[in-house]
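Each chain carries a letter (A, B, C and D) given by its place in the written order, and its residues are counted from 1.
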Amino acid sequence: MGTSADSGASAAGSRLPIKVALAGASGYAGGEILRLLLGHPAYRDGSLVIGALTAGGNAGTTLGSHHPHLLPLADRVLGPTDIETLSGHDVVFLGLPHGNSAEIAEQLPESTVIIDCGADFRLTDADDWEKYYKSAHAGSWPYGLPELPGGRDKLVSATRIAVPGCYPTVSSLALAPAVAAGIVEPRVNIVAVSGTTGAGRAPKADLLGSEVMGSVRAYGVGGAHRHTPEIKQNLSAIAGADVTVSFTPVLAPMPRGILATCTAPTTATVDEIRAVYEKAYADEPFVHVLQEGQLPQTGAVVGSNVVQIAVTVDTDAGLLVAIAAIDNLTKGTAGGAVQSMNLALGLPETDGLSTVGVAP
Amino acid sequence: MGTSADSGASAAGSRLPIKVALAGASGYAGGEILRLLLGHPAYRDGSLVIGALTAGGNAGTTLGSHHPHLLPLADRVLGPTDIETLSGHDVVFLGLPHGNSAEIAEQLPESTVIIDCGADFRLTDADDWEKYYKSAHAGSWPYGLPELPGGRDKLVSATRIAVPGCYPTVSSLALAPAVAAGIVEPRVNIVAVSGTTGAGRAPKADLLGSEVMGSVRAYGVGGAHRHTPEIKQNLSAIAGADVTVSFTPVLAPMPRGILATCTAPTTATVDEIRAVYEKAYADEPFVHVLQEGQLPQTGAVVGSNVVQIAVTVDTDAGLLVAIAAIDNLTKGTAGGAVQSMNLALGLPETDGLSTVGVAP
Amino acid sequence: MGTSADSGASAAGSRLPIKVALAGASGYAGGEILRLLLGHPAYRDGSLVIGALTAGGNAGTTLGSHHPHLLPLADRVLGPTDIETLSGHDVVFLGLPHGNSAEIAEQLPESTVIIDCGADFRLTDADDWEKYYKSAHAGSWPYGLPELPGGRDKLVSATRIAVPGCYPTVSSLALAPAVAAGIVEPRVNIVAVSGTTGAGRAPKADLLGSEVMGSVRAYGVGGAHRHTPEIKQNLSAIAGADVTVSFTPVLAPMPRGILATCTAPTTATVDEIRAVYEKAYADEPFVHVLQEGQLPQTGAVVGSNVVQIAVTVDTDAGLLVAIAAIDNLTKGTAGGAVQSMNLALGLPETDGLSTVGVAP
Amino acid sequence: MGTSADSGASAAGSRLPIKVALAGASGYAGGEILRLLLGHPAYRDGSLVIGALTAGGNAGTTLGSHHPHLLPLADRVLGPTDIETLSGHDVVFLGLPHGNSAEIAEQLPESTVIIDCGADFRLTDADDWEKYYKSAHAGSWPYGLPELPGGRDKLVSATRIAVPGCYPTVSSLALAPAVAAGIVEPRVNIVAVSGTTGAGRAPKADLLGSEVMGSVRAYGVGGAHRHTPEIKQNLSAIAGADVTVSFTPVLAPMPRGILATCTAPTTATVDEIRAVYEKAYADEPFVHVLQEGQLPQTGAVVGSNVVQIAVTVDTDAGLLVAIAAIDNLTKGTAGGAVQSMNLALGLPETDGLSTVGVAP
């Protein structure tokens, strides 16, 4: 195979290309960030270059041995995740297990745009952090979900960004318009079915293909999942008051995708609710409010940055039913990260992000 | 291959073996009933024989062309689903599209045990039937879910039995003890993830493997699914008052299994709730209340008649969380049907039904 | 959702954009062609526009109802597949059941670039056609597999192109260098495992998700598959003599991908063989000969136009073993079609085609 | 849940029940052996009891934490895999990584029936063992594949049995009649597609659900797989001369099942070949030679001990094509083990083994 395709043309328009590093390159979040960057217009015209790729235990191996789908970078050797390797970049993506970001972040210059796909800087409440993560709170950074009310402003020119969790992304966007409009009571119930990449790439017996194929199972039941306080934080901020959140994650036999079924008590009509959602997301490039009669499916958003949302009312039960689908690796992690990078750097927000899924 | 294995029937203990017919033998419910009957002790000792197997459009074809896994019956030719063919049997299982059972039932003798896996005789309320099924109500039959309070008594010596829907089976059993004990408010929320066999075997583009693999999607949203009134009927009967039910089914990429996540407001403690469930199901051979820390997975119950139930309390949200798993084809359809047959005929209730799943 | 993303910018560089039509837009091949066109640089800069989209029985419905992943075109209404609708375009892709292309082709001007994803014009031998397709031979067109020896030249400026079948694409590329170099005997054995989209989108009971998940099965055994003569034609043309082909297709539970295991008698060493393959494909942008010790996996090429090939020698058996992976919908159909279009129109061959897969 | 179902053992017919131990109970082979024993008539009537269950690193945990589908044994605590724990049983199944069986076997009495599901005692040729397993050869035991010519005799009353590998089981049975009849040349080509349980339960990144779903890949290419010499040994013994074997295993996204596509040069007609196969397997309870036009599918044999075989001739290629399907965990491992136990103990050979699969 020759090297002409996807080479990310050498002749940059800019004298000083943006230099991007990625820590955690052998994981799923890291691989998806690289997939998106390889298709980013700035990479393709040479104004963005992919610098250091690092890993923990996988340092010294090639990227291709972990991500054979990323052919243009297959021969890149992963460096160690340390400050020497990550220094000298304009943007540093962190795809690390939680608890590792703060130490790196404080050693990098203030001007470096750090985009953390881990949980470390998502929660504003130290007690919540300590309760759910059993460690000291590192603080909080601007939250990388521009579609939330006021969310975009915090990201423009930001140099520290906490990318939301995958469940909070889909759940918050499914409920935000209703909560913001005050048309639901502040008690929400979320059951979200996820593909297995959300559980990461560390080998565990219960994530083996033999175990997950042909089976669904719940986990983190009863409010135990760490994304619960993050969803509560998002919705409460929008409501301006405490929102009660019941959240149950379910693991399904597919690699990618989350489908969240969200309910909340309402007395509004379906027309009122649809009007609220359509208005809230009218200008959002990645949020697609489905027409009446259509329902989301995760397969339609695989590889894309799209959030599909359907809303209706269960009149017998007196509930708003909002169902939303995302690709947990794209909009739920890496897509959100690249979207945030675009905003931070002043690039067009949608660059490198697609509204076209890979289906079936 | 010789014919010695699974041949059943050679040395019958009884002079008059029970003769069983099955209408709808080429469908999934029909195939699963036959799978269970082939392993039933009464079949194996010859006291139960498998008589007419019928189909609609598939009449004239062999059973093996539809169910190559049912080797001992592979060469059986399917007859037409008519009264001539189904007459002369002690037990007739009906695995037909709804709307077809009444006509057959009224032509068979009162003494014939008819076990209907369709919906026709499940609902007691004619208005509910007409609203959800858009046709005239045929009436209601004893309901084939012995684990419900008082449920077993109705089935002993019954000659007409309506097998519950798969979602109502798992949802009702997940919530019945709490509702019966009055420890939850009568407002329940159910999100149930199902495998694809629940959607039947009629070819539809949106059920193609290419469509369902790698994707989950909701359907029948907002109370639209026909199992909603059936769940409501069950829980309201237990409560002695109206129970509000919000029900959302989700289709997952696996052939078998349902995982139902059920919540209802409660002020009870987890210990109180566990005590209620453990007492309610202490003597039930097929309901397995999981120990604290365990959670259900559909893969563990494939091919078995077991219902796995985990209960906990989300104290922040003030909700009972009951999560239950079944095999929709076994306990959710054919297993429930055979269990009902056993009760109707006075056979041991667990005969032909396993507590051992086929996993992984 | 706004309309800014993926809009295919209006300000075209060219006064006369290339106008593309697609017949068979509701099928899998059609959907994949549209997915690729939406990401094509010529579409994005406005120099290529997507004109008529047509269907047979699905005419009158929206594209979004069939391909919810193609958001930018979701509201397009499908026209009928007739000459009026398809006229007036520079390029017409045909994604039709075989037997339908000739009638359309002969009514379109000679200058229209017609790219047929069906089988009609693939075989040069009328007897082969009649034996395998049981109908009159329509003729043969330049074959859209530029990586075959001499293959590219036939496509430059072509106005009629027959896109290869998916199995012939991967099998021919896996074996071509060895056959061309004369280092194998002309007897090849191919067992190719395919995802289900290769079987199309027409609803059939044996393609239901319930049937295909958890199961693999062979079909078209003993030389019966229609792709057998096409593989034989390709390899015999390269060899300049008859090549005997044994071909067995296997259906696997995944939507996309083909893995072909190909063997042929050889006395060459693995080093000699590797040298032949590396030289043959050195300049091919989409053929990736894997390093020693690496093996292809279909998951790595999903959505990409890449062919992964591993070659080794089974010295005990005296066989070359060449294993190759493609995405049957991309390189195996729609990617090959777009690559052919690029060559026919004089666009850069790799435009709109990626070497980056969507994984996992 | 009560304890009445599947309890077995209460009223033993025999004064001295057969006492069975299992080493490696937390693995897939071990779990499947227990699933079969729980349904075995001897267990159900109390004449066989399940004694010690042992594990390596999982000693001290409950069986239910590894195999939640084996409810009747869920509370059993796994002992250590040592001679103290395994002593005092009539039958000891070994489901251990290779290299561990010899040490245990030599410490158990000669009269103990030891059934080894590992590879240690399968190969008769020490050089083959050392080449493929890189360790000293432990010897060879009677081979647990009764359907091979002369195979059954070796197992009657045997006290040491080597259960075949899963690939050798299906491949040898697919080819044995043709090889025995001398109607094929002694050069066979096998491509076998397997589910993931064949790769075991030890957590590895490349066996994660995220990796295996949606992808097929080859491994052990070029004769490198350890089952190659075992297949060659079986076929050569039948032929009375060296048979050349090319074997390529492929991993498919499903938990269970192997489909083997086997070819060998022949000049026989399809009728001659069918006659040979039908005669060879006429009295075999578990080998099902499919009728003309039927093809095997792994889904039809899940959980059963059946081998489905289809034979045809590719006349253009001059090849016999034999395609066979098994469940790798049942007939390919645990079913073969139980069948061997039955023969060794003088129980009916088919006891506890089904010809009915769990499908779909």
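Here, a contact is a pair of C-beta atoms (placed from the backbone, for glycine too) under 8 Å apart; a residue touches a chain by one contact, two chains touch by 3 or more.
Per UniProt, the chains are A, B, C, D = N-acetyl-gamma-glutamyl-phosphate reductase.
All figures in this text were calculated on a predicted structure; none of them were measured in a lab.
Touch-path distance (fewest steps) from chain A to chain C is 1.
Averaging C-alpha coordinates per chain and comparing to chain B, the farthest chain turns out to be C. Between the Cα centres of chain A and chain B there is a gap of 39 Å.
Computed from the mean C-alpha positions, the centre of chain A lies at a distance of 45 Å from the centre of chain D. Once the centre of each chain is set as its mean CA position, chain B and chain D turn out to be 33 Å apart.
Counting partner chains per residue, chain A has residues 28, 197, 210-211, 213-214, 253-256, 297, 299-300, 302, 359-360 touching two or more of them.
Residues of chain B touching chain D in their complex: 1-2, 4-6, 28, 31, 35, 38-39, 67-72, 197, 213-214, 255-256, 281-289, 294, 297, 299-304, 306, 308, 350, 353-360. On the chain A side of its complex with chain B, the touching residues are 187, 189, 191, 193, 210-211, 213-219, 221-223, 228, 244-246, 248, 250, 252-257, 259, 261, 263, 295-300, 302, 310, 312-319, 321, 323, 325, 359-360.
If you check the complex, the residues on chain B that touch chain C are 28, 195-197, 199, 201-205, 207-214, 253-255.
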